[in-house]
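Next up: some structures, all given as structure tokens.
Two complexes, one shared chain (subunit A), two partners (subunit B, subunit C).
Presenting the complex of A and B:
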């Protein structure tokens, strides 16, 4: 290979690296939200009480409606196009639908009362159930054949578990070297393309990044909470205040962490961090939400009217 | 005075019954909110399967804390 060619390739790689880092390097000053879509209202029965949301590559919106015991598919314009499920424990039925995520071809749903995952195609036709012997507290679908879950580890070291499409455990990513007090290991998580794990602890003032081998890369506190409030409940001492409710990565690599009870604007403040764990800005949702979702086009989705309404926002990134 | 008390006997009895109910309820869940109460009730429901109770009820508690106590 000629020297010129090597030089050209090196230059190209350097330019690519520079460009990919430039968004991160430019200081994010703030993010403005512009509401672009509302689905469901107090005056209609489109949504009874949604719990989980995900958006596919065609911008169709899927909701888990806990009070209607079903999944609902909406067009990008917000029109209800399909409904699937019903109350029960049979194939494709729900007792308490909760979390949703999707791959290119499949939609995965959890039910608080049924172990395992319900699998649907993108038209909400029920395909099958993946059996798991643990309840799922958070879910992230990595591909058509891989998904990651968080659970509550009462007697073992906590880890994010990665399963294949048959429900076989293929990898564990530990995120602590020791057991934690009950519930203190509860996390929401997201995983980036490189396999890094981003954790927001539900009952601890901690946001962390771990690599795929279980090595902690950084840990940060955002709320200044020194002592977690706990209460004796039956035979356990359990935390009672939620620090963080959800965590999501956008396509730029910014990390969005939804605060809980301790945030200045309770369940409305979203902390935006870079990949190194530096807090860049805080945006505030118009209404309290239990979760956030960010789609591939960086639209943000959150709750309104206590779960009767879903709001979609365009995010305007303002840099220095 | 005594006749007045006798006149309102029914009302006073009713008040005492409600007070007793309230106090016994408060004793069972001292100072707890809805999620804590739900957790205790869930544990009672799953008493025969203690291992599952820890997981199911724990998960329900986390969900309640996130969703209901917005």
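Presenting the complex of A and C:
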């Protein structure tokens, strides 16, 4: 590699870092959403009920559709280019497709009814299944050879688990020092380039940042909930109100947390925090969504029409 | 999944008269639907076999829209359907999709269209070949409060029975025995 090339890359990285830090330092006033793409309407057969979404480096959009048990690939313009899957338990088949994420070369999908991960290439050709003996409640792919999952522990301390591409556990990042009551450890999470872990608790008014060694850096409440409502269900006492549904980082390092049942606009309010856990602004989605996704170009994706439609928004960051 | 579990535990029993009302309406719909040959009135799978009144047992699936939030909760229904003689061809099979009236009131016709589309995906994804009517007027609400169910009518044996999903193994055998004669 020539000196000029090395210098160019170093300059680009330095400028990116500077820009990111500058954006963090400036006071974010609000974020405006501009709808740029809609996929799936009430009249077509493109999407029946999407559950997971991810966007690759070429801006192709992948959806998991729970109703017809398929994965679907759409071009950046929203044209369906490939469909894969179907109902069953054979290779590449689903009983309830749920979460999606991708690395540079592979797409990973979870099934609510089958343990482990389905692995596809970027053209939705089924490659293999990674066996895991735990249910996956959230998934984040870190590279072609690493992925992180959240699970629901009943007997052990809560932790985010990092696996290699053969399903071997390579790291465990605990996010509590003790066992929690049933379901209270349920989280959505994201991981930044430095390995910091951002957690949004499903049934607690808590958003946290932990370092890669399992040290808590900050914890904040966004909803002012004092007491978690619970209900006796069978032999368990379980929480009934979802506080946070999803968490995503954008390329600037802003943290986006989708609120649930307790938010002022139920399942529509997205709380935007900086890296230090300070709430900067709240943006409101046009319709309720079960999750959000932010691609590497900072487009935000969310649900509409109860999962029949996917919306893509350009985010306009407005600073003071 | 979590919300779905909560819904599943909120099951309540329904009065018997609702079953009878539903039977009457269903038979009425069955006749009129057969006459229209699947065109219009919200029935899906218009190309499925004509299933008008006959002396054969009639199986009616009450499909609770909430079950679509937890498709694994419908495994029992799907397994049962695929065990029916000739996957439904040896008996009359119908479906009624019930949904929460308050949701429909909030969103009006759009919500009904959403339901219709999801149902279409569900039928396609599971290769289900029987007609389903969306209960727009909430005539079957009482029957779907406990979640998805199946009602079996046997005009020869003068039998009407309702079973809630998931079915127990003994219940599957009990229903299947009706088709053996």
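Heads up, the rule we're going with is that the second predicted complex is superposed on the first by the 300 of 320 C-alpha atoms of A that agree within 3 Å, B and C clash if a C-alpha of one lies under 4 Å from a C-alpha of the other, contacts with A are read in each partner's own complex, and residues count from 1 in each chain.
Operating definition for what follows: contacts are C-beta pairs under 8 Å (C-beta built on N, C-alpha and C of every residue); 3 or more make two chains touch, one makes a residue touch a chain.
Just so it is clear, the structure is predicted and the values come from calculations on it, not from any experiment.
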In the superposed arrangement, which partner chain does A:306 touch: subunit B (first), subunit C (second), both, or neither?
both
Could you look at A:282 and tell me whether it touches subunit B, subunit C, both or neither (first, second, both, neither)?
neither
Contacts of A:233 with subunit B and subunit C, given as first, second, both or neither
both
Now for A:70: first (subunit B), second (subunit C), both, or neither, which partner does it touch?
second
For A:112, using the defined touch cut-off, is the partner it touches subunit B, subunit C, both, or neither? Pick first, second, both or neither.
both
In the overlaid three-chain picture, which partner chain does A:186 touch, first (subunit B) or second (subunit C), both, or neither?
both
Is A:54 contacted by the first partner subunit B, the second partner subunit C, both or neither?
neither
Once chain A of both complexes is superposed, is A:84 in touch with subunit B (first), subunit C (second), both, or neither?
neither
Touching partner for A:245 - first (subunit B), second (subunit C), both, neither:
first
Show me the subunit A residues, by the header's touch rule, that subunit B contacts in one structure and subunit C contacts in the other.
112-113, 183, 186, 202, 231, 233-234, 238, 240, 242, 306-307
Contacting residues of subunit C [partner subunit A, same complex]
1-3, 5-6, 9, 68, 70-72, 75, 110-111, 113-114, 117-118, 120-122, 124-127
Which residues of subunit A touch subunit C once you look at their complex with the stated criterion?
42, 45, 48-49, 65-70, 86-87, 95-96, 112-113, 183, 186, 202, 231, 233-234, 238, 240, 242, 305-308
Going by the contact rule set out above, which residues of subunit B touch subunit A in the complex?
31-33, 36, 39-40, 43, 54-56, 58-63, 65-67, 69-70
Which of the residues in subunit A end up touching subunit B in this complex?
51, 98, 112-113, 134-135, 137, 151-152, 154, 182-183, 186, 202, 231, 233-234, 238, 240, 242, 245, 260-261, 266-267, 288-291, 306-307
